[in-house]
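The same subunit A turns up in both complexes below, where it pairs with subunit B and then with subunit C.
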Partner chain A sequence: MKDFIIPDRDMGTPMSKSTTMVTLNIDGISVTVPSGTSVRRAAAEAGISVPKLCASDNLEAFGSCRLCVVQIDGMRGTPASCTTPVSEGMKVHTQTDEIAQIRKGVMELYISDHPLDCLTCAANGDCELQDMAGAVGLREVRYDAPKNHFARRSAVGPNPEWRPKDQSNPYFTFDPSKCIVCNRCVRACEEVQGTFALTIEGRGFDSRVSPGMGSDSFLSSDCVSCGACVQACPTATLIENTVIEIGTPERIVKTTCAYCGVGCSFDAHMRGEQIVRMVPSKDGKANHGHSCVKGRFAWGYTSHRDRILSPMIREKITDPWQEVSWDEALDFAATRLRKAQADHGKDLIGVITSSRCTNEETYLVQKLARAVFGNNNTDTCARVCHSPTGYGLGKAFGTSAGTHDFDSIDDTDLMLIIGCNPTDGHPVVGSRMRAQLRKGAGLIVLDPRRTDILDTAHMGESWHLPLRPGTNVAVVTSMAHVIVTEGLYDEAFIREMCDWDEFQIYMEFAADPRHAPEEVEKLSQVPAHLIREAARAYAAAPRASIFYGLGVTEHSQGSTTVMAIANLAMMTGNIGKPGTGVNPLRGQNNVQGSCDMGSFPHEYPGYRHVSDKATREMYERVWGVPLSEEPGLRIPNMFDGALHGSFRGLYCQGEDIVQSDPDTKHVTSALTAMDIVIVQDLFLNETANYAHVLLPGSSFLEKDGTFTNAERRINMVRRCMTPKNGFEDWEITQMLANRMGGNWNYQHPSEIMDEIALTTPSFAGVNYDLLDREGSVQWPCNEDAPLGTPVMHIDGFVRGKGKFLHTEYVATDERAGSRFPLLLTTGRILSQYNVGAQTRRTENVVFHPEDILEIHPSDAEVRGVREGDWVRISSRSGDTSLRAHITERVSPGVVYTTFHHPTTQANVVTTDNSDWATNCPEFKVTAVQVSPSNGPSEWQEEYSAHSELSRRILPAAAE
Partner chain B sequence: MTRTSPAAEFDSESIERLDQIIASHLHREGPLLPILHDIQAEWGMVPDDAQPIIAKALNLTRAEVYGVVSFYHDFRDHPTGTHVLRLCRAESCISMGADDLADQVCRALGIGWHETTPDGRLTLEPVFCLGLCACGPSAEFDGKLVGRANLAKVTRFVQEARA
Partner chain C sequence: MATDKLIRMATQMADFFRNQPDHPAPEAVAEHINQFWSYQMRRDFIAQIRAGAQADPIVSAAADFITLPQSAE
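Moving on, here comes the complex of A and B:
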């Protein structure tokens, strides 16, 4: 789009990765570019703008608009500069009389079929067609076209060529009357997003952009609302509804998306303190100018009327809320916390840090527990998602994070995806994976459910191993068995990077016949030949990478699976070089950061154990208070403690534990038993129903700070507008700390980051100046790696030698039996995020209005369940009701749902089973029964009655 | 975002036949066009419901298949009459009086381009070059070429077909 709005100049065609350089001469200027570069891009490198309409530097050259034609000495005619590659010694002329005439003629034809309503057009001032008309000096249009697409009526009646706007998508409008058929939207949907939802129908004058088939609208087509087409459109044909409503933005603030762990960089296009649109940044190192529906469009929750903007307190959770001043709320909170400590002991209160707030805010919340409360009772939502990653990778490699950056996907020959659904959960990574699959990379998916990535258009070979929930360890170990027994391991790598003798012992373990695919088939239901083929393909690929998600970690053997995955990567040498690695896809925007920042009860920032004397003394020196050497309580311990009276108070920032944690009834009774529950959040979330103090939080648009994404990338979050609640979240924590004697005096988040850098070796080199300059850096960032570390473990593992751990499969206690014959597994959907507190307050509900239970036709039939029926799903923990969708995506015996909607509360059903090492709950396996039902369950009705009761707000007393 | 069931309207027998057609071409390089030709031969048109099924089988999306189907005028999205008369509209035949012939035929049959006679027996289609330029104006009746076409010749074919 227009340069003054997006300063990153569009170079016209993608960058060439060649290392051979070519020198040519364009308009008398000598320019040297990599071989394979287009003449159009070379000219742009030399500072020369060649007019263009169909070209864009995130799309392959197409050569259809005929505006970028040039003359080249020794070549016939006027070739398109976007499709002509440079060659040594080439002499190019971009402005000659002949070219000027051609361009003017072409523009004249475009404009002859375009409505000239520029002044009232939503793209006015931001339209490439307008710009090009100016650039070529178009002054008149001589053609009076007998047929056109833009006029609604002609002199004789309605114009049959005119088509109405498609406003079916809630976020953007498609106005075919303004279309110049440059194909950019179609190509963006294919090349950038990989959905192939758009096409050009017909030909010649009848060519039109069509979503799906002729009968489809944007909403009914395969479109996933990523916004790539809207971004690509040079006119107002595809444009954001907010731009239509508001107008042209006047400034840009670069920031980071607050949804998933991909950490996309965004340009917030602002008018005053109002967001006009969010556009993915081309220079964003995680997303390279791409986005998904959540980050691009679903930010309306930040100004939703449900947002709580003044602090509230109440004596009992059955009382209505009372709006009060900040002073009163904070005093109330501080006094209650101190009283709980005075009455029952200092270790009886704690905090839950947020995986959605910034690193700086998280750091302060754990510091509050350690330095002000005087205990280590801090935990975070990673407990319920990726704590096994921390444990497993820590044991095997020595660090608790993904090994590679997302760019490494471009170099991989095969992807092994285990228990994650990237096209829904991490859509921008999903798109990059799809691009690589189209280039021929192989795909292995281990998942009980047939995920969308298996339906990637134009992909190469793929294997789906539809395993029974809970058998990850058996299947992954069985792949190791095949690699070991068939001699497919990388001996040189193991000898160099690991301990060969240790591997011998591991080999003996893995080679045991009980791990053979034929044995494992019996319990996992994955055909043995598929396990063998997958193992061989993984071992044979020159560069194979592993991506995994909560389908790995949220099991009773979550940590074991992580170790089994690490073993696979090490034994095949798939670590330490581009295109390989072990990469957990993290769920929330800053779940990596919240772990890095010392949110766990046993670890200081940088994963250093609280019993480590040197670290503790260092923090005692910096913070000026004595610190406890006893690890604190994990979230489940806090809940158990509350029920026994040994945990009395909780400060919970930006998490909705009632909805996100397993066994909801257990959580709510624990919260009910506490003396003081303080919730800091944008909304009256489900947890707030059990709180005594509500401190209104600020959204990511209203604060400065940093988020760390799944590739350890520290991204800047920048304040776009004044916090609607009055304070950024870190300020609120500081005010609470100071009321409890904290004596903190941070003026800006940059000072908190400086303290983090001072005290944490892996962050030693990080500061806001560096982040401003570089855009982002990946930790470790210190003296050894001043600009950060994209790929880890290159010359050896952080822990020294990579460790092969034995991974014995132990079946979960949660087994399908006669009472509960089905296995429930849970997951995510593209348009909703986590507990849905944000996305449910946006137009995304159009795409996913309720949680749905997926059930196999044979299981549905025996239960008399038809498509769309209400069904009751019950487990030994509880029951809930929702609608059924009958599909073969799930295997017989397996049912699947999401947990985005509090009215469903899927976690009422999940149990308190958890990972043996980290207590990460076993969300992914619950034995259930499904039966037809008439509507919401008794529990759902009780719960919604309580929600209503506890959400009453009394206005502040009149002064 | 919601994927509609691809075969909502197509009955199971048709789907079986469609699967056969697809399977017979899957081994080829570029199987889409031969599949579409066979489908049109089978049903006289390319039914909308067939497109998502072809897409799935060929690892394409339904938009892509639709893009191809809609590009070629010869692929129809609605059935034709029992017989199809095509008159060439390309330059060479125009210079030999194709315009006049077209007017006469339209008048005689009482229908326009792309239309079918009320009895459903005959559809009139334009075509751009039948590769028979030496014998223009040319026509094609049910796949059979007619050189030096005139109203009398064309009417004879039509009447024989109607008999």
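Moving on, here comes the complex of A and C:
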């Protein structure tokens, strides 16, 4: 196990990006720094530590604590070094008798209103106030203040200035008695997170940190529980409850969050094998020291009592589970898989790889299908989220990944956000976007719902195009129509990077009046002037970027929308330079990686088609077995096949397809029809209700490996503790493969990465030593780019010339009619993640205990639905019940819900419609009816009865 | 496999490729199917079209360009 202690010194103020250098002299040392740097930071660069309390290098200088005062030749008085910029030839003195006296006086005042319970304080050993008292040599406090904030009672009775702790948040405690009003928490909430939940109420001695209105607690306020304030607090005023319970950590393991596709780096602060707290890494290149509530706090599921630690098997899915040894479970699984092949054919079994597992684990699972099963029946949950991205961007640009890194947000002048909700789904990216919006960047949001990013404080111009679900292609193509007909395209870029003649033909297509905003308004319900304004703003911005999510891909025309987006970027020259690009925000932590690792049935790792002879022969050489040249089955094809007897066995690692895939009844009937279903997971998830073998999985804290985030960044996942189930997931796959004749002999995930690098050109330069050294790299990482590639397509597209595809709008079959007059669209919420298997097993349930149906007041009124009522939502696929929330965030005719809770099973309602190119399900459009209801539907009751029955466990027989 | 579903999927492809200027749509649909469908799906699809299933003319014409491994023919 590795223990990484990275010097993580707080430099006091943010880094200046200026290229003009300034030289000054601090305490006799000459130091050269970029213009705009503060004296405090320049001193830190020179290795001189100037005391501070209110300053932090992730926050703008504030100048309130007066501890960092210095003397500067030729300047009057003692300026605060954090708010004083450097100038050429400046002579600074950080330690003089006068300054020492001032600092001691300041500390004396602070301490006069601070309790002296250091020995029993939760921040003991990790308190900046304590450190500063030491640094300035404070030895006595002469003031006996008549009023203070910290004593609960005085000799004469209760202290009116004292406030009790706020313990409303499940993860941290706010103790006002220890607050020094340095404002760091308030500034972190504004500058880092962008929520503005905290404020300082009162003035002077009455100044107090307050979440929201006076009557609010942290829980009832706008606080999103990201923990930036907790991280910023220099005292024990805001502190993690786990630190209060456990004490200070003794070592740090650097790892990567296992939630969304942002891929935040974390320092796991450990005591032994116990996590004390998770702190986002300052040197994390995706998150720069920030995180959301999930990554920082919601890791308790890894030690939840529901975790399955012993393998289990059963003959029939109606039998109770039988706990058995690993040998017995793996033998059972291997024998059944081989039997299914012997009885029905070698192509009738397959695997589903996990976008939550590491690259190395995913690579092994697809290898299991190809090299051991002897077919290409491997798919991954990217099928149901970003497969259209792979296809669409592949056709337009030549490669299927996001074009830019997240840092590029800092350079953008306008963001076009389509079908994604970054402040909920990708919170750290959402915060970075908000920071750029506060600096004046423009914002265009195409979404049926009014998402929170539109409510960013202090932002510049913004447009919301509330389109009807299913009309993305029409609206985006209409924006292209405006750009083409108004001559707003970038001719020089198109001539250089694309095919000008091809663009002429495309222009003819886009300029057709059927794509005009006035026509598209009729079907999308977006006012024509909004489409025009948005198109003009996007084309006019010097550097415009596009971010999109599943609201683009999960449609019958998902791939077409991706192409339409690529067209927009190409025709305006918004590719290949900072601040521009086309950036799909990936759902799960390793969606990008699972696609890169060859999880799809038609392609090997590195996106090479299985029919490509050279690649196939190379893998045959490396793996030592003959391989199939035939594309395998995709997830929906596996289900369809199972219902017709042409698919009999499945090994499913770390996915809960029963809850996450559309048309639940179809999925469960398909699973019921299979001879053998093997689930490898932390919990008895919904899919396990239909499984014959349960192989207990390991959590991200218990394994080594890598995740690849939405910006193609390969981040290290490092083992913090021994797997509770006994094995890392890659070991389990290897044991299963070897029982089926795989003859694999990997000793460590680094050896798997070496095989990936050996066989995949875009990963050729990747190895664990490089990742340890660099922290992370973005693929392509090879001879041409030994440290990876932050921005792609700089000097030309991967496919050569960028391709303009014609994106004709075709209405989905799923249309609102008289039986099902509303359109349901689904999404997710900040505090819950995907199927909720993880987050529902944490305190995050206080933020979102159940799925709620959002419905517009007018739709609610005609149905007699009141706020909080139980309603039944039904489609041609099925029905379920949940509670209604009446809101104008959704347009009339549109309803919205999340799919985090198995008791709701929102996917009972969604249909088997799918994207034309990739079979990515059309989650985002389902014609539904909503009606008042008394409670759970018949399906919900049946399902919950089945769950209970199928989750019975018999302990292993006594020996 | 449920062939009405296969034809529905192929029709969706036809809706895309009929609007592309550079390739004849039936060939493009067939190429897409050859690349992404398993041979069982391709076999069932061809059989269904040859049995006279109602389909968009592009979809029907695509069947002639779909390849099968020798073992499956």
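In this section, the second predicted complex is superposed on the first by the 952 of 959 C-alpha atoms of A that agree within 3 Å, B and C clash if a C-alpha of one lies under 4 Å from a C-alpha of the other, contacts with A are read in each partner's own complex, and residues count from 1 in each chain.
Everything below uses one rule, namely that a contact is a pair of C-beta atoms (placed from the backbone, for glycine too) under 8 Å apart; a residue touches a chain by one contact, two chains touch by 3 or more.
Because the structure is a prediction, the values reported are computed rather than measured.
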Margin query: Just to be sure I read the superposition right, which of the two partners does A:Ser831 touch: subunit B = first, subunit C = second, or both, or neither?
Written below: first
Note to self: Applying the document's definition of touch, where does A:Asp222 land relative to subunit B and subunit C: first, second, both, or neither?
What the structure shows: first
Note to self: Under the stated touch criterion, which partner chain does A:Ser310 make contact with: subunit B (first), subunit C (second), both, or neither?
What the structure shows: neither
Next item on the list: Please indicate which partner A:Ile505 is in contact with in the superposed arrangement: first for subunit B, second for subunit C, both, or neither.
Entry: second
Next item on the list: Determine, under the contact definition given at the top, whether A:His806 touches first (subunit B), second (subunit C), both, or neither.
Entry: second
Check: Can A:Thr13 be said to touch subunit B (first), subunit C (second), both, or neither?
Finding: neither
Notebook entry, point to check: Touching A:Gly632, do we find subunit B (first), subunit C (second), both, or neither?
Noted result: second
Next item on the list: Over in the complex, which subunit A residues touch subunit B? Could you list them?
Entry: 195-203, 210-216, 219-225, 455-459, 830-831, 847-848
Note to self: Looking at the complex, which residues from subunit C come into contact with subunit A?
What the structure shows: 1-2, 5, 9, 12-13, 15-16, 19-22, 32, 35-41, 69
Notebook entry, point to check: Once bound in the complex, which stretches of subunit B touch subunit A?
Noted result: 1-4, 48, 51-52, 56, 59-67, 70-71, 77
Item checked: Interface residues, subunit A side, partner subunit C - complex -> 347, 377, 502, 505, 509, 556, 559-560, 601-602, 609, 611, 629-634, 637, 640-641, 643-644, 646, 805-808, 810, 912, 914, 916-919
